[in-house]
Amino acid sequence: MSILVDSNTRLLVQGITGREGSFHTTQMVEYGTNVVAGVTPGKKGEQVAGVPVFDTVQEAVAETGANASIIYVPAKFAPDAIYEAVDSGVALVVCITEGVPINDMVPVYAYVNANGARLIGPNCPGLITPGQAKVGIMPGFIHEPGSVGLVSRSGTLTYEVVDMLTKAGLGQSTAVGIGGDPVIGTSFVDVLRLFEADPETESIVIIGEIGGSDEEDAAVFIREHVTKPVVSFIAGQTAPPGKRMGHAGAIISGGSGSAADKIEALEAAGVRVAQSPSQVPALLKEAIAAA
Amino acid sequence: MSILVDSNTRLLVQGITGREGSFHTTQMVEYGTNVVAGVTPGKKGEQVAGVPVFDTVQEAVAETGANASIIYVPAKFAPDAIYEAVDSGVALVVCITEGVPINDMVPVYAYVNANGARLIGPNCPGLITPGQAKVGIMPGFIHEPGSVGLVSRSGTLTYEVVDMLTKAGLGQSTAVGIGGDPVIGTSFVDVLRLFEADPETESIVIIGEIGGSDEEDAAVFIREHVTKPVVSFIAGQTAPPGKRMGHAGAIISGGSGSAADKIEALEAAGVRVAQSPSQVPALLKEAIAAA
Amino acid sequence: MNVHEYQAAEILARYGVPVNPGRVAESPEEASAVAAEYGGTVVVKAQVHTGGRGKAGGIKLAHSPEEARQAAAAILGMDISGHTVNKVLVAKGVAIAQEFYLGVVLDRPNRQVLVMASAEGGVDIEEVARERPDKIVQRRADPVLGFHPYLARELGFALGLPATQVNGFAAIAQQLYEAYMGEDATLVEVNPLILTEDGEWRAIDSKMSFDDNALFRHDESEQMRDFAEENLTELDARNSGISFVKLDGDIGCIVNGAGLAMATMDAVKQHGGEPANFLDVGGGASASQVAKAFSLVTADPNVKAILINIFGGITRGDVVADGIREALAEVEVSAPIVVRLSGTNADEGKDILAKAGLTAVDTMDEAAASVVAAAHSRAD
Amino acid sequence: MNVHEYQAAEILARYGVPVNPGRVAESPEEASAVAAEYGGTVVVKAQVHTGGRGKAGGIKLAHSPEEARQAAAAILGMDISGHTVNKVLVAKGVAIAQEFYLGVVLDRPNRQVLVMASAEGGVDIEEVARERPDKIVQRRADPVLGFHPYLARELGFALGLPATQVNGFAAIAQQLYEAYMGEDATLVEVNPLILTEDGEWRAIDSKMSFDDNALFRHDESEQMRDFAEENLTELDARNSGISFVKLDGDIGCIVNGAGLAMATMDAVKQHGGEPANFLDVGGGASASQVAKAFSLVTADPNVKAILINIFGGITRGDVVADGIREALAEVEVSAPIVVRLSGTNADEGKDILAKAGLTAVDTMDEAAASVVAAAHSRAD
């Protein structure tokens, strides 16, 4: 098993003929992801990396049975693309797009949940179940199948940690980048719940960063519901308050959202928190051994 | 039994201190309805017909356990009153108010249903379970407890029919006025489903009128799901096309919504359709005898 | 409330719809001047609140200012289905490559707003809906989130538009939806919406109706009301809280409640009479309401007898009877009056009426039979 | 993006909020003229994008035009937490009966918009939230339907307002919400919102921040940007797609990815150094991006050494290395450079760098240790 995506995933790419969309479709197909369809309005009949292109999601789903979608359209059009996917019955929607206005995401979030779908992102690298499906922009080759469930708000920092895990012989069940924006579809807690329930995930790594209180919420959830060993790293210990650190969500406001608070909350929940990404594999082995 | 309201109904009146609200509260209390609370912002601490007044629905529900609400506020404020009731956990909301803009009711309808509540109206006389609860503006004394379930889009026309039923010895389980607007919370079909499931309702009377296709939908539902005898009367056989007959919904447009179409559909579903309200009791007795 | 084609076009233009240029004219000279300004061919169209203008000769092509003058002269003053033409729209001629239908309406059964389109434009869409329903494509707007851009595109693709024309079409579909919501319309229709030979979208004939319940927040729409097109009696009635619709018969009806009023008209008809009107005095039925109702009904010279049908509910029968008595003291009514009074305090009401020389009956059928007889005896 | 108090007040006034009269002045003379026009007492307030103006002496009462002139003279040019005061707001004095807090923010955990109020106005609301959370009342707007009027009234009643003041308060709460949504704000705050002795509501101090992601649809907000308040280097960086935040240390950082950039700063600190900046070159890391990053980092005279940390993902290590090489050919960099290259094509990248005279290390920790050592050796 694994969570959210696997070899049964039939992936649709929204914005497939764009620069990003076509590049990453090729990458995903090369990785072995079952990419069944793409959508770009007006480009029906074209192909990208051997994947047929349709005008609408509805049509693409009807023709190909796509059950997951990844979105590479510009920020201005991303909310519409999410609504189109959900309304067409796509159960898992991964929005890579960066820069979507917060006020657009608030109703999107409510709608996706009310309709029983799941959104990952926006402003995220996507997710990967090594050896089965890469649904995102992460470099596939650094991953290895295994039993570590990884969830992160970041992109390259995740790759950094994954690379270290793989080199330490710790393969991954699924690695999920939930995105760095203030309003995202899936939270740490959502992913933790899935990892806890997944028999193939035996330990968990959480890569957090400053801003918001998702890590604190995760700590509460871990204390109450997670039985598997958990290790964490929180980026931004040196970030000054009130400044946005790249990610729209990475800002310490009014004294809340600091790395210190998050680390304290996680440690109080029994999570081993690494001082640097390089410590993660050793801490994880320690946690697994102690479990 | 009965449907929707009975002696367990704990009624809240929104707009209780207004002219309409206070008059009808008195009438409902005199009928024996269990009116537990009223709301008019800023009038907390007052009383109307012995009923305590609160500033907000939330407070009224918390203090009195109200489980149904009736709304007498002006059209401009009625949608807000419905949202307030639903958000405060009131399961049944009856909106008497006339003249609510259609575009305001479209999201209200979706919201009420998404939240598992039920709305009757707007622009309706309310509903009554004789001898137990009068939740509306109908004259109580013409009703008699019994086994006829009555549902209607009209006000005084319903009273006309109820009066004849009572005089003919045919008491009512519940009589529901669903309202005359194009967008109403509860349709004929919704009420028919409840009557069909209610063991104390043994026969059903539908009072329809021109406009829309609710009667045609009711006919389809009756054919497929209703086992109890049904009699109907449709008002507006002489109404000219394209003109609004008082009710915002009573307009024959583009050749659809005519009384003839509705009568044809109902008769095809095995419903006896009266030529005038006065024929209803006799037709109903005939239908009951035939069943 | 309805507005004229040229007014609907003005509103839609504000929402960005590419409306075909046109100007309204109230005289042949004005029409000629507009034609001269545009140059080339123009279309002169009667502005009336009814369909079937084309068949009635209310739409004419004109190839010169002089022809436009003549066309306007022929159309102005014309009677189309009972509507007198007081204005024409002089619209620029345009080379049509393809005609479409695009409309926004309330989908009553689903309580949602529906956007409909068809490649069978320029014809009666209701006929298309009946006879070739597969030629109509439609998408429902989310009741809260609105009409998503992707839905507008889906309509365009479903019409079989070439890829290059889909975005232009989708934009117009969204503009029509925005106009529907923004103006509290009950109908927005462009028929035909065309593609010109140059591949441009143009709205050729626009139509809008508005929700009367929402006019309180649309002073601008209210100001578009064409009183020449409205039945002034109906407007007058509405201002008094009375619903009134003029009909062709000779039996005036005064009823409390819209459903009962319709049923009363039906009863009159069943008893061989023809109702002169629909009239709902509303909930209160005070003396002044009843007096107003009498004046509305008696203003119709065709009325030979009057039926008052009141079911006393919250409104008490004695109060209504008082209202009738007082109204009759104010308004002179020569036609015979039949009163039916039932429900709350009906007996007390009958006593009051008896003192005023009126006899009230108990049932609607009795009252209908009696008023028809009275009318017939006067007609003879 | 932040705006000044006077700009936030201008925006809120457009939404109907009863903002206390005030005018901005850039010289003591202008301030005096505004005071003369208003008459009576005025308040002269420093306009800077930072809190703590009161404590810093940036807010002064003035009872005459001359006092206003003196107050403005004292405040203009003042440094408040590193912000130079270039403008003051001269606001009309008002007799305060009661002070409130009213704000609209994003409730991140619930992904909804929250309206908060407190009868403890005029003080630091975050302190109230921490120490007396029961003094704050809040309601969440429906994510799709918005902030219902009843919710605004509930807030008013929860504050214990007299019945006569609830509607006025509720209207302002809704206006603030409308401004939040309409302007794509991330914060709208009035603190204090006051009741005057005459029972009138007045917004005394307004604050707004905007969602950078939504500025594309708000040219007017963008035009309110006060470049004197912005770090021009940060703005310049953003225009090149680079996220840059100036810090106080001496080790310049160039990293791909925001999370990795933060982690890199943390690693520098752990190894005894102080980062001079946060810098995320973004996804591409082309030669021109890297060159731009170099020029941003080297513009800081404090920078003693530079750490480049690249994890090649979709971005290939050899491409980044090429970028670094080309950038170094364009931009003169005197500070020592430590490169860490890992991931896709890292080995090819290292070869390229070696030819350019740069040695790349494998891990972030190594790189951090090495760059800190380099900086320290230069500092000595």
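Letters A, B, C and D name the chains as they come in the text, with residue numbers starting at 1 for each one.
In this section, contacts are C-beta pairs under 8 Å (C-beta built on N, C-alpha and C of every residue); 3 or more make two chains touch, one makes a residue touch a chain.
Not measured: the values here are computed from a predicted model.
K.L.:
More C-beta pairs touching across which pair, B-C or A-C?
P.N.:
Between the two chain pairs, B-C has more contacting C-beta pairs.
K.L.:
Measuring between mean CA coordinates, which chain is farthest from chain A?
P.N.:
Measuring from the centre of chain A, the most distant chain centre belongs to C.
K.L.:
Determine the centre-to-centre distance between chain B and chain C, using the mean Cα coordinates as centres, and give it in whole Å.
P.N.:
Chain centres of chain B and chain C, defined by C-alpha means, are spaced 27 Å apart.
K.L.:
How many angstrom between the C-alpha centroids of chain D and chain B?
P.N.:
Those two chain centres are 55 Å apart.
K.L.:
Could you check chain C for residues that touch two or more other chains and list them?
P.N.:
Chain C, residues with two or more chain partners: 144-145.
K.L.:
Mark out which residues of chain B touch at least two other chains, giving numbers and ranges.
P.N.:
107, 111
K.L.:
Take each protein chain as a node, join two nodes whenever their chains touch, and name the resulting shape: line, ring, star, complete or other.
P.N.:
Contact map by chain: other.
K.L.:
What are all the touching pairs of chains?
P.N.:
A-C, A-D, B-C, B-D, C-D
K.L.:
Given the complex with chain D, which residues does chain C contribute to the contact?
P.N.:
Residue positions touching the partner: 144-145.
K.L.:
Over in the complex, which chain B residues touch chain D? Could you list them?
P.N.:
Where chain B meets chain D, its residues are 41-44, 55-59, 77, 80-81, 83-84, 87, 107, 111.
K.L.:
Across the complex, what residues on chain A touch chain D?
P.N.:
Residue positions touching the partner: 23-24, 27, 75-76, 99-107, 109-111, 137-139, 141-142, 152-160, 163, 180, 182-183, 207, 209-210, 212-214, 217, 233, 235-240, 243-250, 254-255, 259, 275-278.
K.L.:
Taking the complex as given, what residues does chain D use to touch chain B?
P.N.:
Touch list, chain D to chain B: 142, 145, 148-150, 153-154, 157, 163-164, 166-167.
K.L.:
Note which residues of chain D are touching chain A in the complex, please.
P.N.:
Touching chain A: residues 106, 108-109, 111-113, 126, 129, 143-144, 181, 184, 186, 211-214, 216-217, 243, 245, 247, 255-263, 265-270, 275, 278, 280, 311-314, 342-344, 363-365 of chain D.
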